[in-house]
Structure formats: C-alpha cells, structure tokens
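Two complexes, one shared chain (subunit A), two partners (subunit B, subunit C).
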Partner chain A sequence: MALIELENINKTYNNGQPLHVLKGIDLQIEKGEFVSIMGASGSGKSTLLNILGILDNYDTGTYHLDGKLIKDLSEKQAAQYRNQMIGFIFQSFNLIGFKTAVENVELPLYYQGVSRKERHTRAMEYLEKMGLTQWATHFPNEMSGGQRQRVAIARALITSPSIILADEPTGALDSKTSVEVMQLLKELNKNDGMTIIVVTHESGVANEADKIIHIKDGIIGNIEENRQHTAWSGPMVK
Partner chain B sequence: MRFDRDTLRELLDSILRNRSRSILTGFGVFWGVFMLMLLVGGGKGLKELMEKNFEGFAQNTCIVFANTTSQPYMGFRKGRTWNMTYTDVDRVRNSVAELETVTPLVSEWGKSASRGTFTAQGSLKGVMPDYCMIETPKLIYGRYINDMDISGERKVCVMGKKLYAQLFPEGGDPCGQRISIDGIYYQVIGVDANEGNMSIQGRADETFTIPITTLRKAYNTGDVIHLLCFTAKEGIAMSDVIPRVRSILSHAHYIAPNDRQAMELINTQLIFGIVDNLFRGINFLIWLIGVGTLLAGGIGVSNIMMVSVRERTSEIGIRRAIGATPRMILSQIISESVLLTMVSGLAGIVFSVGILAVVELAMTEDGILKAAFQVPFWTAFGAALLLTVLGVLAGLAPSLRAMRIKPVDAMRDE
Partner chain C sequence: MIGDIFHEIGSTVRNNKLRTALTGFAVSWGIFLLICLLGAGNGLMNAFMQGSDNFVQNSIQVWGGTTSIPANGYKEGRRIRLDQGDVDITLGREFADHVDMVAPVTSGLSTTLINGDKTVEGYVRGVTPELASIEKVNLKSGRFINPLDVEQTRKVVVISSKQEEELGGNMLGKWVTISGFSFKVIGVYHSDESNYQSDNYMPYSTAKGIFFPDSRVGTLSFTFHGIDNLQQSNDFEQEYSSRLKAHHSASPDDPNAIWIWNRFSQNIQMNSAMGILNIALWILGILTLVSGIVGVSNIMLISVKERTHEFGIRKAIGAKPGNILSLIITESICITAVFGYIGMVLGMVACEVMDKTIGQRAVDIGFTQIHMLENPTVGVGVAIEATILLIIAGTIAGLAPARKASKVRPIEALRAE
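The block that comes next holds the complex of A and B.
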C-alpha cells in the first residue's frame, strides 16, 4: 500500500452557491517520493493540500495515510495525526512571533508532552541541520525570510513525520533563497528519504520535484514523471 | 490538564508579550479587589470604633427621665414639675416580673475635686451596687460600690480614668487615699477605665461614683431620684415592657397616660438596633460596590482576552496545525485568564492588607489597638477563591471562540 492513497475524493463548499472544488481525485504517492502539485489558483490544489494535511474534511471517497483511514476524525484525533504524521511548511512561514527560533521548533514536541530538556536538545539538533545554531535564541523578526523558512522546516521535521506538506514554500522568498530552500527540500528527500509534497503555481519550483501532478478544475490533469528535471527550462523563480 | 513549569512558562510568554495591555487589564481586577478588601476592612474598623462608644453599656437598657407635664390631668395643671422617688424603684420592680435589674441614679454636676495641689472637674453619680448591670465598670484598681457602702453611707468613691490621671498624675494604686469633693473627703476605692462615649449623666471617665445614700445625705436630695434605669430579662423585648412601666409610673404620679413629654423612656435596645441596621446597610453597600468593581474588572479581562484571541487567530491556527487539540487551546486561554486575574487580584489583596496595616498602626495608641481594621484571613482567602472563579468565567467566552479557530485559518491569515 502506498503511503498516501486517495480514492475518488469529492469536496463541495456550501457557501451560498455550492462550489464543487474537487471532482473525484484519485492519487497515490509512495514513500520517499518528492511530488509537486501544480495548478492555477482556483484549481483546487489548496483544498487538496488541506485534505492531505487533515486540516479539512472531504465529502466522499477515501483517504489513507500510512495505512490509516483519515475520515470523519474528531478534532482531537485529527490534531494528534497532524502532530505525529505531518510536517507543515507554509508560504508565510507561520512562526510564532513572540517565541525564539528554538522555541518555535520545540512547539510540536510541547504538544506531544516531551520534557523540556529533551525538546530543547532535539530542536537544537534540527536547527544545526539547518545551519541556524547561532540563530537559536533570535526571534523571527530578527531573521531573514530564508532563515525563517529554514526554522519552519526544522519545526516540520522535528516530529519525524511521514510526510512534509509545503504550501508555496518559496512564495514569500526572493529567487536566491528560493533556490536554497528547494535545494534543502531536495536533500531531505534524497538523504533522509523524506516524502515531500510541494504545492505551487510556479513551474520552476515544480520542476525541482521528481513528479509533477497537474490539477485543473478539480480533477487531476496529467502526472508528469520528472526524474531529470527537464519539465522547465527557464529560471526557477521568475 | 497537567500543570508544571513548562505550562506556566507558556502562559507567561503569552501574557507578557503584550505587557502594557496585560498590566492595564490586570489593573481593573487589582483595583476591584483592592477596593473590596479596603472597604471591608475599613467598614469593620469603623464598626469597632463605633462599638467602642457603647463599651460597657448594657444593650437592653431603658432609662426613665421625669420631665414637666404637657397635659392637665386629675386636677393638676399642665407644665407641672414632678420627680420620681425611691418608692418608684420598688413599684416597678415588684410589678413587672420581666425586669432583671431596676436601679435608681442620683447625680450632681460640675463638682471640683482636689487632692493636695491637684484639682479636677467632674460630676458625681450616686448609685446602688446593681448599677454595674447598667454601665459595666472596667476597674483597673480596687472595687465597685457594695452593699456595705450603701448601708453605712460610707464616703467612698470610684473615679473615672481622666480624673484619676488628673488627681494622681504619679500613677499607681490610689485605693485607700483620700480626695476632697466639695469639702467632703472620700476614700478612693477603685478606678474605672471605661471610656465609652455613651453613658448616663456624663462621661464615665469624668465621673466620681459614690454610694447613693452618701450622695443623698451630702447634697440633701431627699426622696428624689433623677433617673430610673432598668434592664429586661433575657429574651424579653424591651418594647413590650416599656408601656407597662409607663402606666405604673403615670398612675402613681397622676400623669396623663398619653403624656409622652412628662416621662421620657429611652430604649437603648432601639438605639443599638438602629446602629446595627446602619452597619448592616453599610456592609451591604460595601459588598455591592466591591463586588461590582470586581465584576467590572472581570468583564474587562474577558473583553481583552476576546480581543487577544481575535488577534492571535493566526497563532492559534498554527498551534492547531502542528498538533494542539482544541482542549489544549481551551485550557491555555482559560489559564491565561486565571493567571492574569489571580496575579493582579492577589496583588490587590496584598496591597490592601498593607494599607490596612498602616491604618492600624495609626490607630494604635500607647501600644493598644483602638480598633482592628485588618480583613480576616478567611475573607482574603474567600476573595482569592472568588478571583479564580472570576478568572475561569472571564476566560470562558474567549476560549470557546479560540477553540472554534480552524487550523486553515492560520494559512488564510496572510
């Protein structure tokens, strides 16, 4: 069984006019894959990401994550699954402003009830991996965008999740740091075998992945194998 | 919910992040508690000061004065002067079984006393031994008037505190020494330290108390008594007894039964009742104002927490996304609210206790506390408990709102 198995996922938003966003998504992602989901805005890629991240419910179909059926979970159960199985990387970093870098990285472990000391040790480990040891006690607003995103990646990794979900991870970064962050994600995938799913609308960013899933109008258009990273020839970020 | 240093740190982080806002919010609660404690302590102290005035005064006493009549009756004209006599004492005592003590009082005003070169001004009170049931003396030296003094018409006196200070400036036990009042020498047998401001026929501390028989003989007062004092037995309402006493005395002295002016009966129970009610009213106001202020502070906390939750939508969303359960968010917001109310409330308690301690210090004279202003421990404890409840209530609505924040909201908030 694949790590992620989506079978005929349907999702309709009922805000005034019913909006059928996902119209039967079938998708399988294996462990260790580096996948990007591409689509224009309104294509349903964010909704798909929310469902993958157990942040949102779907109407019909089934979603198995790591062999577990993710359907109609209680808030508590969903929170625990998110905490243990998923690492999030957001476009706007979403670090907590009044906490230092190391405290931000520690936070998921705090909700697991890990002791303060161990939390700190492990958080420092991951910060070191990101090359941010000397920035550990700095607050997010004292760091550059690239550094902040690296803190966010460390936070995503600290619980050793099954998958990393990145929502436009380079959306708020300049081209140079975008390349660095994508490089970092690639290395994580290659060296640690981490399963990574990146949602983006930039072809250059999508090109960094081994597989590009095009989504259009709520259905999967085509799945492009991209082992050679030849899907895009221009610069990574415009 | 587990609570350790970690959780506390997490809470403090959130509260201290917006320092000035937290302080201003906390001030509302602080002021509420401070006012409540101060008012409670102040009210208690004032009541004690007030009660000090009634010290040594039987609370169920009635005093009868004779006055000029206001109505013609039985052939007598109006405006007639009449007096009570010793016979009236027995009359009342024998006719009204519900009375505990019935005792006469004769007094002489503005007497000067001397001992060697020391002089003092005071009034004389002639009493029976059982007068101590009406005004309880606080004897610091010697004894009170007894039956032997009465029957022997002894020239002995118990003196008030102020007179003692003036006639015996050197202090010490004055018993056995002699003082002169109006040229008559009296042997001092006791000193009464009572300083209640409520007393009959002059302040207790400026009064020489002597046997009624001695006074009668020395000042030729004859059969006349100036006051008739009586107390009712326990469980008897004074107001039930008074009309009977009035009718007995009216009948004996040919006074119109409805002539209120001719005979004044002062019911201290009534006065004490009024004072009691007054303080009950003051107490009620104190609690109303105090609790009201406190409640306003609590609502302030709730309001600010509401704003804070709204402002922290993104933060709470992030927390939810990375694994906080709704329950954890709920308990965090409530705990923040409780912590804020508790810390500022306890500061209020400490501050008010400090102020009251200073007040007590100011009220202390010669190392003796005049009245205790300090709030009792259990009141303070109750206030602390109330604060916790208030904190939980204040945090309830904001935390419920926080709980409804979905992790997706964090990402929308860009």
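The block that comes next holds the complex of A and C.
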C-alpha cells in the first residue's frame, strides 16, 4: 500500500450555493516521493492539501495515510494524527509571535508530552540543521523571511513525520531565498528520504519536484514525471 | 507540564500588561472588599460575644416585676418580690430533671465603701458560692464567697480591682467599712470596662441579716441541663414562669409579673442572627467579586478572539481541544488567583488597621462601655475559603472563552490573517 491513497474523494462546500470543489480525486503517493501539486486558484488544490493534512473533512471516498483510514475522526484523534504523521510548512510561516525560534520548534513535542529538557535538545538539533543555532532565542519578528521559513521547516521536521505538506512555501519569499528553501526541501527528500508534497501555482517551484500533479476544476488532469526537472525552463520564481 | 503552562501564561501576560492589570484590579478590589466586610463583621460579632462571655450559656436569671393583669382578687400594678418560696420551687422535685445549681442573690442597695479617708461607691450583692459558676467572676486575687462564709454569716466581701485601686491599692485581707459594719476583703475581681465594676459580693446570709432583713430575694440565677433547642428552652421557660406566677398569685398570662432572662435562648438567637449577618456579608462580597469575574471573562474573550490564529497554528501542529481548553482556564485562574491574593493581603492589612484604630475605640452605652469592633480580622479559615472561591471564580470566568477557543477550527484560523 502506498503512503497516501486517495480514492474518489469528493468535497462540496455549502456556503449558500453548494460548491463542488473536489470531484472524485484518485491519487497515490509513495514513500520517499517529492511531489508538487499545481493548479490555478480555485482549482481545489488548497482543499486537497487541507484534506491531506487532516485539517478538513471530505464528503465521500476514502483517504488512507500510512495504512490508516482517515475518516470521521474526532478532533482529538485528528490532532494526534497531525502531530505524529504530518509536518506543515505554510506560505505565511505561521510561527507564534511571542515565542522564540526554539520555543516554536519545540511546540509539537510539547503536545506529545515530551519533557522540557529533551524538547529543547531536539529543537536545537533541528535548528542547527537549518543553520539557525545563533538565532534560537530570537523572536520571529527579528528574523528574515527565509530564516522564519527555515524555523517553520525545523518545526515540521521535529516530530519525524511521515509526510511534509508545504502550502506555497516560497509564496512570501524573494527569489534568492525561494531557491534556497526549495534546495533545502530537495535535500531533505534526497538525504533523509522524506516524503514531501508541495502545493504551488508557480511552474518554477513545481519543477523542483520529481512528479507534478496538475489539478483543474476539482479533478486531476495529468501527472507529469519530472525526474530530470525539465518541465520548466525559465527562472524558478518570477 | 505545569511549568510549561505557567511559561505559556507568562508570555501572554507580558504581551498584554495593561489589559491584564486592569482586569486584575477588578478582582483585587472584589476580594479586598470581601475581606474588609468579613473582618468588620467578625469585629462586630466578637464585640457582641464578649458581653455574653461573662455568663454560663445554659443559665436563667429571674427577678420580680409588676403585675399588669388583675388576678386572684388582686388589682394590677402589684409589685412582685421573689422570696424563699421561689428558691424552693426552683430546687424542688418539679424541675429536678433540669435544674442544676441555684444561686439566690439579694441586691438593690447602693452603698459606700470606706477605708480610712478613702471612699468608693459600691453595690451590695448577697450571694452563695454557686453564683461564681453562673456568672463568671474573674478573680484577680484572693477567693470568692465559700459555703462556710454563708454558714457562719461572716462579714467578708469581694471587691473589684477598680474599687481596690481607689481605696488605696492592695486591699486583700484588709478591712473596709460598709454602712457602719467592718468587712474583711477576701477577694478582688478584675473589673473590665464591659462589666459592672461596683458590685460587692458578700455571703447571702450576711447580706440578708444586715441589709435585707425581710424575706425577699432580689434575683435568682440557676443553671440547667437536658435542653437542646430553642423550642424546649422556651417550653421550659414557660412552665417555670407559670409556676412562679402561681406562687405569687399572679395570672399565668401576665407578661410583666416575672422577668426571665434565658441566656440559652438568647444565645441561640444571637448565633442565628450572626450566622445571617455572616451569610449577608459573604453574599455582598461575592456580588462585588462577580463584577471582577465578568471583567476577567470579558478580557479572556477578547484575548481568545485575538489569538484565533495562534490557536489555529497550535491545533494544526497537534494541540487537542483539551490542551487549548486547559490553557485558557489555567490562564484565567492564574490571573484571578494572583490578583485575588494581592486583594486578600491588602484586605488583611486594612483589617489590622481597623483593629488598631476603630477597634480600640470604646463606646459608652450608659451603664457600661463596649468596644465597637473587637479583633476585626479574618482567620486562616476565611483565607482558605477565599482561595477556593478565587479558583472557582477563575474557572467560571475562563469557561466560556476556553470553550470558544477550543472550538476554533484550524483551517478557519489559519485563513484568518
């Protein structure tokens, strides 16, 4: 069984007029893959990411993550799965402003009940990996966008999750930093075998992945094998 | 884990210093007023209780009045005087189930005590030794009247410490002249300002022989047992007074013929009155505190709204609803408790100040003086009760905001930027 198995996923939003966002998504992602999901805004890619991240429910179909059926979970159960199996990277970093870098990285372990000392040790390890050791006691607003996103990546990695879900990870970064962040994700995939799913609307960013899934109007268009990273020839970020 | 929660709270409070301080002030103020009210209430009660401390609780004092209803051929307006017959009835078989000790007292004569060229006002009370067990006579030196004094009609007297002072000090064993007779001072009792201070106790038989040659008894005091509640006490009192009225040929329905001071009933009534006062003070204090609680709750609601995004992040990375719930409630309890304690300490300081100022001021109420407030402070018990109250208050204040926060959906929250 693949790490992620989606079978005929349907999702309709009922805000006044019913909006059928996902119209039967079938998708398999294997362990160790580096995949990007591409689509225009309104294509349903964010909804798909929310379902993959157990942040949102779906109406029909099945979603298996690491062999577990993710359906009709209690909030508590969902929180536990998110904590243990998923690492999130957001466009706007989503760090907690009144916590230092190291405290932000520690937070997922806090909700696992890991002791303060061990949390700190492990958080410092991951910050070192990201080259941020001397920034550990700084608050997010004292750091650059690239540094903040690297703190967020350290926070995503600290629980050793099954997958990393990145939602427009370069959306708030300049081109140089964007390249660095994508390089970092590629290394994580190559060296540590981390499964990574990046949602983006930028072809250049999507091109960094080994496989590009095009989504349009709530269905999967085509899946492009991109081992040679030749899907896009322009600069990574416009 | 507890340490972590405090650390979390510390950072939120640091970020909202002014808001937290303003909210906290409302709570401090509420607890401050509660403690002050209870302290003043305690002072008032202590002042009341001090007066009744001078008597044994299960005792009755009886004296004669004036009839107000014609009965048995007598017109109304007849003066009733207790006599030996009343003493015998009290001691008799009829009331033997309840009555323990009987102390007849002859009194009603103001006189002058003379020691050489020094004189002081006095008030003769002929008593039996039992009286000392009914009215607590607090001896400073010497002894009280004993059975031999009564038996041998000795001319001995117990004076107050104030009288001793005015007669020249250290009177024990010396002689004083009362109405031309020499009496030996065998004891001196402490006269405090809240008690009669000119009573002179002498043997019942001596007083009768010298000052009250007729058969009358001034007052009659006795202790009783086997009566547990107000109803029984009132029934007993009713039965007893009817019997005495019959002895004096007065109508059993005459309310003025015989006066009875039932300290047992009075004490029960006083206790229940104080209980009500205490409850009233707590209610007032708690109502004041409620405004503080509403303030905390309001502030927490605003805080939760502002932190929606933060809770979304926390939930996305694995916070369970319970984690968020306990975070907010603990925060609420901490704010309430810390500021509540500040208020409590200030309230206790205010009570001490009250004790040192108004508490020391005595009020003259005619025949005696009382302190307006006696020890107007609250004990450890109240401090513990107030602490429990604060924790409950904090929980209630945090409940609604915490539920709101725990229901935040992570996707909504992450979008809310």
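Everything that follows uses one rule, which is that the second predicted complex is superposed on the first by the 238 of 238 C-alpha atoms of A that agree within 3 Å, B and C clash if a C-alpha of one lies under 4 Å from a C-alpha of the other, contacts with A are read in each partner's own complex, and residues count from 1 in each chain.
Throughout what follows, contacts are C-beta pairs under 8 Å (C-beta built on N, C-alpha and C of every residue); 3 or more make two chains touch, one makes a residue touch a chain.
Computed from a prediction, not measured in an experiment: that's the story for all the values here.
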{"item": "Combined model on subunit A: subunit C and subunit B, fit or clash", "value": "clash"}
{"item": "Touching partner for A:Gln112 - first (subunit B), second (subunit C), both, neither", "value": "both"}
{"item": "Which superposed partner A:Lys211 touches (first subunit B, second subunit C, both, neither)", "value": "neither"}
{"item": "Partner chain in contact with A:Arg150 - subunit B first, subunit C second, else both or neither", "value": "neither"}
{"item": "Which of subunit B and subunit C A:Lys11 touches, first, second, both or neither", "value": "neither"}
{"item": "Contact residues of subunit A, present in both the subunit B and the subunit C interface", "value": "50, 53, 55-56, 75-76, 79-80, 82-84, 88, 90, 92, 94-99, 107-108, 110-113, 116, 155, 159"}
{"item": "Subunit A-facing residues of subunit C, complex", "value": "1, 3-4, 11-12, 14-15, 309-310, 312-323, 410-411, 414, 417"}
{"item": "For the subunit A and subunit B complex, residues of the former touching the latter", "value": "50, 53, 55-56, 75-76, 79-80, 82-84, 88, 90-92, 94-99, 107-108, 110-113, 116, 155, 159, 167"}
{"item": "Of subunit B, residues touching subunit A in the complex", "value": "2, 5-6, 10, 13-14, 17, 314-315, 317-328, 406-408, 410-411, 414"}
{"item": "Subunit A - residues contacting subunit C, complex", "value": "50, 53, 55-56, 75-76, 79-80, 82-84, 88, 90, 92, 94-99, 107-108, 110-113, 116, 155, 159"}
